[in-house]
Structure formats: C-alpha cells, structure tokens
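One chain, chain A, links the two complexes that follow: it is found with chain B in the first and with chain C in the second.
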Partner chain A sequence: MKTILAVAGVVIKELYRRKDFYVLFIVTMLICLIMASVRIFNDDKIVRYLKEMCLLLVWISSLVIAITTTARQIPAERENRTLLPLLAKPVTRTQLLLGKFLGCWLACGIALVCFYLFFGALAASREHHWPLLNYFQAASLHWFMLGIVIAMALLGSLVFAAPSSNSTICFVVVGGILLLGRHLDSVALTLPEPVRSAFLIVYYSIPHLEFFDVRDLIIHDWPLIHWGYYGLALIYGIGYMVVFLTGASLVFRRQSVN
Partner chain B sequence: MAAILKAENLRVEFRSREAAQGTKVALRGLNLEVNAGEVFGYLGPNGAGKTTTMNVLLGFVQPTSGAASLFGIDVRQPIARQRIGYLPELTYYYKFLSAEELLRFYSTLFDLSRLEADRRIDELLKLVELEHARKRPIRTYSKGMQQRAGLAQALINNPDLLVLDEPTSGLDPLGRMKVRQIIQRLKGEGKTVFFSSHELGEVETVCDRVGIIHQGELKVVGPISEIRQPRHANLEQAFLEIIGFETQSAS
Partner chain C sequence: MSGPRIQIWFLILLLVVCFALACPLQSCFVAWPGSRANGDVFAITLGESRKLFANEFFVKADSYYHSGFYPTIFDDNRAFKTAHMAEDTGAVNSQNHGEEESFMGPPRNWIDAFGRHFMPDRHTHLDEGGADGDLSGSEGVREILPWLKLSSDLDPQNVQNYIVTAYWLRQRMHQPKTAQEVLLEGLHENPGSCDILFELGRLYAESDHDTNRAVNVWMAGLHNWRRIKGTEDEVAANNFIYEKLATQMGSEQADVGNWQAAIEWFEKAKSVSKSPEALQQMIDILRQKHSIKPKS
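Presenting the complex of A and B:
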C-alpha cells in the first residue's frame, strides 16, 4: 500500500504543479462568477438556469482534467524513460497502475472539492441557503463517475500509444455514454434482429455514467436520493473501476517495457 | 566468488511490426555470470544487445527462452530487485520534483524509514555533488546534474549490485570523470557494478572483467589483461578485432 500511495503522491504533485490545471480552474471560476453576477430580465428563477450552466461547466472541466491527466500518465513515463528506474525497484506493474489510478482519482477529488465549494458559495450568495447533503450526494457520485472514466482512460493509455488519440477516444466514449447511453435500450426495441441483440449487449455492458449525474439535486433542490440507492450506485461504480483496472493490469503485464 | 547475476542460454526474439521483416533476434543463447564485488564492463557496438540483456535482467522484457536470476532469484520476481540499483540511459526524471523529492519518492518504494531515508538522501546528494541544488526542480538541472541525480536514485537502497546502462553517455569530460570516480568509490566499498559503455578508456580504467557482445552473441568474457593481447595497442583495437571490424571492412 505504501508503494501505491507513493506513486499516487507523485501524480498529485504533478497535477498541482502544472499550470494548465490552474488555467482551467480559473477560466471555469471566472465564467461561473460572471454568470452568477448578471441579472437577466430581473427574474429570480433565472438562477436555476445559471446553476445548470455553471454545473455543466464544472462537469466538463472535471472530465477534461480527469481524461487528459490520466491519458498522459503511462505514455509520459515511457517517453521520459522514468518507467525503467521505477520498475527496476521492487514494484509490480499492478502496484504502479493502482498508484497512477489512485493519484489521478484523488487529484480529481481535490479539484472537485474546490469546484463545488466555489459553486456552492456562489449559489448560496444568490439563494441564501446551502443544502449540504444534496451537495454531498451530487459531488460524491460525480467523483465516482470520474473514477470509472479514469480507470477507462488508464486502460486506453496502455492500448493506444499516443495520449492524444486515447484522450479523443475517451472523450467520444464518455460523451456518447452520457448523452446516448440511456436511450440505447429503447432504440434497440425498434430494430430488427440481430442488430437489436447487439444494441442490447452494448446497453448492458457499458458503464452507465448517467446514473451518477444527479445535478438536479442541486439545481432544483430535489429531495435526497435514498441512501440505499446511493450505496448501490457507488458499488456499481467500484465494479466498473475494478473491471477496467483488471483489464489494464492484464494488458500491462504482457507488454515489454523498453 | 559467487555469481550474483546469472543469465543462462538467454534468447530474445522481437516480432517486427512489418511482416516482411519477420523476427529479429536480439540475443542468441547468452550465458553470462557476474561475481560479487567485481566491476564488469559490458561492451558492444550499437544494437549488439547490451540494453536488451539489461532489460531481461531487470524483468522489463520476457526472454523467448532461457533464464536469468539476480542473487539466485528469478528476475521475474519483484523481490529480485530489492538489492539492485539501476541507472538507465538518457532518462528525464520527473521535472516537477526536486532531487530531494525524487530520492524521497524512490526511498519509499524500498520501504526505508523516514530517518534512514533522510540520512541516505543527505549522503547521496553529497556524493553526487547536488547538495546545493537539492530543493531546485529537476527541470532547471543541466544534463550532467540530471545524470548525477539518476545515479543517486540508483544508490538510494544502498544496493549490492549496480546496473548502469551507458552512465556517461552524453556527458562532458568533467561529468564523465565524476561518474567514473563514483564507480571507483563503489568498487572500493565492495559493491558489484555491471555497466555498459562505449567509452573503452573508461572501461579499461575501472573494470575487473569485460564481456563483448556482437549481434546478440557474447563473443568473449574475461579480464582486460586476457582480452587485450600484446599485439593490440589498446582495448579499442582488441574490441574491433573481436567484433570482426577488420574482416568486414576488408571484405
């Protein structure tokens, strides 16, 4: 565990010492700040639309941070040849992967805390109330969704050599799942066999990231999700993380490092 | 003397990406032993199989056939790497870390206690003359400084066997001299050093034994005094003769 934490520590240090993270963070904050400070048509209810847009921006920013950070981890280690002295230590490849995963996931978690704190403070300044448990459920499910995306990007970084191609594929897959994933089963029912079965197989095998999108809890102050369902969603997320990380470990173990 | 590094009948084949090129044989039945306490120079022209040998010995590449062990443990076991230090050729260490942070990170991988790690880091930064730059990010280091930081990371666990892949590659004469001094100092401490190099003068100065590899085959192994015959003006001449340079150029 000490080894995994040490590798994770380096990943976190890297993210917070890079300028691109701060640029993204500041740009997101500035846009949110400007949106929160305008009064459109003097309508008090407009704040919900602004919250929706700001949260969407936070979601996009967090996905950009998660995918771009993860996609470059192993390729950068190969390119700079730091993978060699690292694996020449008593470190297994699985430990290295778990360290990379944990580092990226924790780094994204810290970024999410910053985003949600800022967003919460901004929203509270307009609405004068802060439903803490709603924020907790929305942010933690968001974080688990990022965990699945990070595990998937890590697997992709071992399959696709170039970080840019891996990032692009991850963005397309994640965007596709978030926008279309929930409709695949209804589309399947309108199709003839064997396309219907193929669509259903895809529907039941992809990680349904939309389960983790509970922004409405914050935007519309909806009642909390039942804690049982919340727990099931977390287990579902962990399940997919394990699947992707196992796949990554199996691929990495077979690869030559030179 | 006991052999602490052993390669038996190692064969490594790489499948070429282009089907027409077929399979490339990087090592052809390599047998090699390095004894405790000796400095062993591993020589060969570019593409001879030096780095591939090291990659197999460190578990980075699976051999097609044959076996390799470090301290009697199969190289595929991570524990085999507990007592070794490795300096790869041309590595660009984490630019956002300082030398001190880099060494602390590697010390954690060996499970060194905080106190032991502090002591080792101070000692090594002094040895490689990076004390003055210990807090500076590695991106601000010159190439020689980066190579010395690399040497320090290879020594963090006080290894019994040091594997160095062209440690002086790309360094200026001063940098080369410093690395050579460090190897000699380690030799004085009774450490085993296995290193590859193109600098034959340097090999002649520090090595007890050398092995010459060419086209994946180990051509000769022995003390320099045996390899360099009276007819050779220097080790370079012996080296060229062994790899068949004169024969090739004549034909």
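Presenting the complex of A and C:
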C-alpha cells in the first residue's frame, strides 16, 4: 500500500504543478461571475440558470482534467524512459497502475472540492441557504463517476498508441454514454436483428454514467436521493473501476516495458 | 523623384481613394437589406439558425417550469406538445393529450428502474411550489425568465415568448410595469399582433383596472385579426385568439349592461370556437335573464 501511495503522491504533485487545473478553474469562475453580474428583469433572486451553467462547466472541466491527466501517465513514463527504472525498484506493474489510478482519482477529488466550494458559494450568494447533504451526494457521485472514467482512460492508455487518440476516444465514449446511454435500449427496440442484439449487449455492458449525473436534482432543489440507492450507485461505480483496472493490469502484464 | 518618395505618395493616394470610396459605400451598406451590421450579435453570428436555438431555449424554460421533470426526444411527449407554462397563461391554444406523469412509461429493465432514482421523478409546476411543493413559494416561476429572455432575443418574431414572459411577470412576480414593457417591445417587433394585444388588454384590465384602455386594445386586436390558411394547428391557434378576444369583449359589454352587444360578441366567439356549447350556454342565460329575443 505504501508503494501505491508513493506513486499516487507523485501524480498529485504533477497535477498541482501543471497549469490545466488553474486555467480551467479560473475560466469557470470568470464565466460564472460574468453571468452572475447580468440582472434579468431586475430580479436578483434568479439563480437556477447560474447553477446550471456553473455545474456544466464543472463537469466539463473535471472530465478534461481526469481524461487528459490519466491518458498521459503511462505513455509519459515510457517516453521519458522512467518506466523501466521504476519497475526495477520493488514496484510491481499492478502497484504502479493502482498508484497511477489512485493519484489521478485523488487529484480529481481535490479539484472537485475546489469546484464545488465555488459552486456552493455562488449558489448561496443568491439562494441564502446551503443544502450541504445534497451537495455532498452530488459531488461524491461525480467523483465516483470520474473514478470509472479514470480507470477507463488508464486501460485506454495501454491499448491505444498515443495519449491524444486515447483522450479523444474517451471523450466520445463518455459523452455518448452521458447523452444516449439511458436510451440505448429504446433505440434497440426499433432496430432489426442482429443490430438490436448488438445494441442491447452494449446497453447492458457499458457503465451507466448517467446514474452519477444528478445536476437536475441540485439545480431544481429536489430532495435528497435515498441513501440506499446512493450507496448502491457507489458500489456500481466501484464495480466498474475494478473491471477496468483488472483489464488494464492484464494488458500491462503482457506488454513490453520499452 | 526617388523611389521611396513615389511609394509614399502612392500610398497617400490609395488612402485618399479608400476614404473617398468608404463615404458613399457606408451609407449604401447600412441601407442594404442584407446588411448584418445592425448591432444584433445573434443575427450576425447565427443568422437564421438562431430561431432553432430560440425554440430550444423556450423548451428549456418549460423544462425549468417542471423543475427538470421533462420528456426527452425518446419519451412520449404528447402531453407536452404545447409548453405548460404557455398553456397556463390561458392565452395559448393547447394541443396536449395523454398523461403528464407517466411520459417515461413503466421501467423497461433494472437499469432504467434504478436510474429513475437519480432524476426528477414527479410532475410539478414552479408556480405551484415546484419540487418543494410549497404552495406559498409560487414566485419560483422567476427561474423560467432568463431562458424566455434569451429566446425572445434570438427570435423576436415568436410572440409566445412575450406573452408568457409578461403573464408570469404580472401574475406571480407582481411586476406589471415590466410586463407592459415586455409586451410593448413585442408589439414593436410584431406590429399588430392579436396575441400580444390580447395580453396587453388583460394587463390593462386586471392590473391597471383601466377597462376603457383594455377594450380599445382588444378592439385593435380584433381589427387586426384575419382568417388564415395553413395547417390545422395554425388555423386553430388563429381562431383561438379571436375567440378569446371576442369573449373578453362580450364579458366587458355584459359587465356594463350592454346585453345585446355582449350576446353579439359571444356569437362571434362561438363562430370560431372548438367548443361552442359553453358559449351558447352563456348566450342562453343572458337571453333568459334579460328577455332578449334572438335576431331573426
């Protein structure tokens, strides 16, 4: 575990030394503050459009940070020729992968804390109340969703040739799941065989990231999600992380280091 | 004369020619109907496609009216054909059928059933408290206004934007002056629009209690009304606004005791109404009450 945490620590340091997070955070803040300065029909209590815009930017920024940070981890080690010395030390390939995953996930968690604190402050400035438990549920579900995406991108970084192609494919897949994942089975029913079966296989095998997208509940002040279902969603997320990390470990074991 | 000096003189000559040409061209360009230099950012960047976005934002406003409980293109949206926020103003012809609560249908599988715990799950309206169900909080309807404003900026010819915005500003936000400004802006963009004149009349009658002004505005609306040829929905919407205008005029005439004129207006409303029975009932009551014989 110590080894995994050491590798993870290096990844976290890398995130706060790079400018990606700062740029995205400042851009998000600027856009939101400019939008907040607009007064519509002289009513300063209108807030939901602002919450929606802020959450959308938080989601886009977090996905950009998660995918681009993860996609370059293993290829960068290969390119800098640091992978071989790293594995020569008492570090197994699985430990290295787990360390990279944990580092990226924790780094995204830290970024999310900053983003959600800003979101909470922005919403509270107009709503004058702070539904902390609702925000906790939304942020933690968001973080677990990023965990699945990071595990997927880590597997992709071992399968695809370049970080750019891996990032692009990850963005397309994640965007596709978030937009269409919930409706793939309805689409399948309108199609002839064997396309229908292919769609249904995809529907049942993809990670349904839309479970973790509870922005509508936060924007429109819906009550808390039942804690039982919330817990099940987290277990569902952990399940997919394990699947992708196991896949990545199996692929990495068979690959040559150079 | 040396080379560089010729070049400088030539450059000065070109500048003078440019300036001389710019003076007449500028006025021609401003007057040209195809000019995009009218200061409208949306028109310059999006062109005619902005109307598509405007409709999206109008639908977005209706989605906010339901606190996010809204059908997607994959769901059964028969109960949402006409935006409920517009339907509830009473100034728009409704085309909605079917169940509002169950547009998603029964859960198709365990993934669908589980996913429904993470999204808005019941039909509510913001003016009735929204997701909280707090009936005292009907001012929450303010949240639809940014999207309506954006929609009307993108498509100033969509009169529904102005009617819906003005209605909610007046009814729930208690801002009749702002509502009037919105309607006058709509009238400026759509001169003589019967729908906007109807809503403006309601504003004068109900908020300003200025019945004479309201009647004048409704009369102007009736004067501008024309029968149209088009799809069934377009004709129905056009007839609906005439019916509303004529019914309002009838009610006003009945209030001041002009029974005969009131009956005439109700008759006119009945001639275009989809459900003339209710109007006929009103006419019959008036005739019985005041012993007015039908005109032969």
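Throughout what follows, the second predicted complex is superposed on the first by the 254 of 258 C-alpha atoms of A that agree within 3 Å, B and C clash if a C-alpha of one lies under 4 Å from a C-alpha of the other, contacts with A are read in each partner's own complex, and residues count from 1 in each chain.
The rule is short, and it goes like this: a contact is a pair of C-beta atoms (placed from the backbone, for glycine too) under 8 Å apart; a residue touches a chain by one contact, two chains touch by 3 or more.
This one's a predicted model, so the numbers in the text were calculated from it and none came from an experiment.
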- Item | Clash-or-fit label for the pair chain B, chain C on chain A | fit
- Query: After superposition on the shared chain, which partner residues are touched by A:Asp20: those of chain B (first), chain C (second), both, or neither?
  - Reply: neither
- Message: Looking at A:His183, would you say it contacts chain B, chain C, both, or neither? Reply first, second, both or neither.
- Response: second
- Once both complexes are placed on the shared chain, angle at chain A toward chain B and chain C, C-alpha, multiple of 10 degrees: 150
- Task: State whether chain B or chain C is in contact with more residues of chain A in the superposed arrangement.
- Result: C
- Message: Between chain B and chain C, whom does A:Val257 touch in the aligned arrangement: first, second, both, or neither?
- Response: first
- Task: With the two complexes superposed on chain A, say which partner A:Ala233 touches: chain B (first), chain C (second), both, or neither.
- Result: second
- Pick out the closest CA atoms of chain B and chain C after fitting on chain A and give their distance in Å. 41
- For chain A, which residues count as touching chain B in their complex? 2-3, 5-6, 9-10, 13-14, 17-18, 80-82, 84-92, 256-258
- Item | In the complex with chain C, residue positions of chain A that touch it | 40-43, 45-49, 141, 182-183, 185-187, 203-204, 208, 210-214, 216-217, 219-223, 225-226, 229, 232-233
- chain A-facing residues of chain C, complex: 64, 67-68, 72, 74, 108-109, 111-112, 114-115, 117-120, 130-132, 139, 142-143, 145-147, 149, 169, 173, 175, 178
- In the complex, chain B residues that touch chain A: 51-52, 55, 58-62, 78-79, 81-82, 84-94, 96-97, 101, 105-106, 108-111, 150, 153-154, 157, 163
